[in-house]
């Protein structure tokens, strides 16, 4: 049912009854030079590597993209570069992640004018808001900018959960087109999918790297795995196997990716969890020749040589590096 | 010892041995029109009300000022207006609060050029950083901008504690001039003050409204109470009583202010904790004729008429309204 | 591989290479009279209802059994009654849940002498222990009592996670025979199963009611659903479908059980989450004629008539009540 | 007003208008032999050391006493021994700490018959209860056992806060005689004291070791410092100075005790926070000749020789060891 990731139809009634996006839509790593500026040639290779792997969409300026380290001008440049490199091959989501409503509206306008197909919005952060206030946050953005909104449930960053009633309420009102769930609460996602089952245009995606087969099996429409920056073919294989109903084979592929995912804990302790995860992706991408430097945005720490050597052992173990 | 809130000296050696700031330094509420734009005439009255009350400094763009709701241009306008109204009467701190290092550096440059005397910096947020990375965050800012830095410990917003070793390390290196503690962990603040006791230039301030006498009694150098926007005279009286060693009288004044602080829970449940607190300050300020509207920045909810009526009962009870 | 839930073999070498327990092993509700004493006739019917439903084991004195509300004598009586009613039909786990090591050892001795086949042990609680101390907790119990130990990962109750390295370490040493995971962290469980894949005797079970198909699909050996007290046939059907590789049909059954699980939120707000969940199970069981009273142990609140009426609507909706 | 710690009066009307307990009431460490059995001779010396230091009451079976490591028989023996050694010199509180209502009632009956003057009760734990259910927990105990109840607010162990409305409600109904606050939320304690100011029989005590002067200054009636097991004279001096209104001298004594309190972090990392704190008290008490062994109850780890050497450096630094 979801084998066509980007449904194209001249029949608007049919179109409106399908999810806007499905498939593997990785959050795209933002490579940096050692002076912390964006390394555009590496960024081009990152995107080409994902498209070569067969991904169905690109999510620029997600958490994995270190979005909150970039200001408005930097974000515009990142979206524009991605749009240019992609050149219409797949749809592009843009994260418009900042603490409060009016600032998010500005980012959403920028994203729209820079060519993004949808924007990804979290609950407000730093400030503490209630579920009704969070609902209004999405409504204000919807009213202000004419672009599809994907809700981003990421309590580990914003420290509040998008509760089922909030998500389902916004989806039923047509404020949000779908949800990207990085909460780890797959039970809640399952209830959201159930509640919205009568609306074939609503979609749910998981941010998990390690439970993709499970979440697809329960009816999710896509997956947004940061680890796909390292192994896009793996996640596309996993997606295709699940689309074909080959659960046992999908499980084996997922288990191979579990091994690869172990890179995210290598520098833990010396660095924060945030630096350890994206830092490991960057180190692996450098070892694979995709990007030039594993530099993390300030004040995060990058993986050192010893840690990178451990990353490479795992890359060899899963067959990505010889 | 700290009876002179703003030490002025031509002898630099003496100057360097005293805290840069002491006394009552309220975070200044940012009044809004009902269309969410800043209400400058109300902002002027807010500042004049504080200065009339005898406060020793102004902290613009703090959490109580709804700082994260304002973008770079808006923040510059707020600082410039405050600097103009203040006209050198007291020193001005400016919050430079945003998720990551380079964005904070930009805000700090703006604050410096707009005339702020010091900047107030939190740990990074949204992203998860370790204590060493948080230390580097402050060091990068210190290296980039020539202005005193005050560390702002506010785990309820950034979801990480500035640990004693981090704060004391940064203070000992001369990276931070002082700390504003809104963590509620007065024991930790006490240890920081003890560790830095040999450095007479280091200062610690509490963000508490309700334990001011206690925290001053243990050696803190100042207080940053949001509630002072409603009753600056009360907090200045409290400060003066503690400076004079009149603990029993100070306790009575603090207990009067405890009654007033009850306004922050009136709308809780209907609104978030964030909206309830600053929203109550704004409602009280409107009832007292200081500001024109109690509008909260989007998506927060403002207090309604019924809740404002309850605020006014308390204002009468503590003698602020007849 | 796991189609025989309770492997029976005279060949000890083969036996030792299979999981001790697999299948549906519900935590058995402990029915109470309105004076809070255990209602043994209702308890008998609860057990018979489960066995009629085809469950593969019984877990008495779990969280759903309100274990921590019962003292040592009460616990012995509960295990003995269950052992008598069961009469060897399926294996029985007994929860031996109390804050600290020596008290757990006493409970484990009681459970063993009362006829339990294995004991279920959490991390210490009330006291705060480190992962190495938690490991020692299990080792001390293993040394003291000759009975298989199942680790119970339930952070929502004990406020500490059994980390992967702790679980895998204890499993590798032979201290624990398996794990019951009620942490909601299925990714961690998946890694534990992967780490222990070479030990065919180790087993992992999920405490989830709503992700059973998912967790079985990733290789778990069983499920411990409180909701099976209300609908044992549903969970046994779900288990059998997954054993047969009928994922789509399993998903439909799981989705029916999701509807049923909605009963656990009916009294939320008026009661705590704890009372709401087990309280709803008891109310449903009363409505289905299995138990005589929905009384919850003190100080928990039972569902009232209005809430019970809502439970019955759902029971009808899923076909359990006419 | 609170200078007489244990009010004695034949005029019952006057008596009933004063707090039942005031002053320094340390939680008494429970010394163990290396085989984990209670070391009664060391326990006797622990109590005599406290009484020699001038404390105004004893709190046996608190968290610092490792209460949850002891079963019902062990607890009875501990209370009876303390009652015998104390021989009426000061009042004795007994902690009756276990997860649920009926078990606490049993402990309270034991405590009463063993000679305790009051019992100390926490919110239920392991199970999750709401504030109204927590209120009922205290009411059931009050109805069942004729002994004064002190509420024990210790979220770090039971993972729920006794909210102001709960505490004040129970106090107003006469269910609880006072509160021991180990929540670290001194602002909340201050509001509870304010709300109960018209009831001179209600008392509030802090469990803090490091903010004693502050909390007494705001009107608290006593202090329950675990560290008094190491230095009872220090806390009694601090109490007396505060009673005499000598705030500056009290602050100096408190700052000396802050130095001593640093022992609680020495083994942190190698042991849990729980083991590190009480373990340091035990190590210090052994070094001071009060107890024979620093053994912690299983599965906690005791301080090792290297850590004990660091404890002794601090003991020398604050003048307790030569």
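As written, the chain order gives the labels A, B, C and D, with residue 1 at the start of each chain.
To be clear about the criterion, contacts are C-beta pairs under 8 Å (C-beta built on N, C-alpha and C of every residue); 3 or more make two chains touch, one makes a residue touch a chain.
Heads up on the chains, UniProt names are A, B, C, D = Glucose dehydrogenase.
These numbers were taken from a predicted model, which means no experiment stands behind them.
Between chain A (Glucose dehydrogenase) and chain D (Glucose dehydrogenase), the least number of touching-chain steps is 2.
Of all chains, B has its CA centroid at the greatest distance from the CA centroid of chain C (Glucose dehydrogenase).
Over half of the residue-numbered contact pairs at B-D are shared with one candidate from C-D, A-C or A-B, namely A-C. Our note on geometry: chain A (Glucose dehydrogenase) versus chain B (Glucose dehydrogenase), Cα centroid distance of 37 Å, whole angstroms.
If you average the Cα atoms of chain B (Glucose dehydrogenase) and of chain C (Glucose dehydrogenase), the two centres end up 51 Å apart.
Residue positions of chain B (Glucose dehydrogenase) with contacts to 2 or more other chains are absent. Viewed as a contact network, the protein chains form a single closed ring in which every chain touches exactly two others.
Every pair of chains meeting the contact definition is listed here: A-B, A-C, B-D, C-D.
Interface of chain D (Glucose dehydrogenase) with chain B (Glucose dehydrogenase) (complex): residues 184-187, 190-191, 194, 208, 210-211, 213-215, 217-219, 245, 247-248, 251, 254-255, 258.
Chain C (Glucose dehydrogenase) makes touch with chain D (Glucose dehydrogenase) in their complex at residues 36, 63, 66, 68-69, 71, 97-103, 106, 124-130, 132-134, 136-137, 140, 156-159, 271-275, 297-301.
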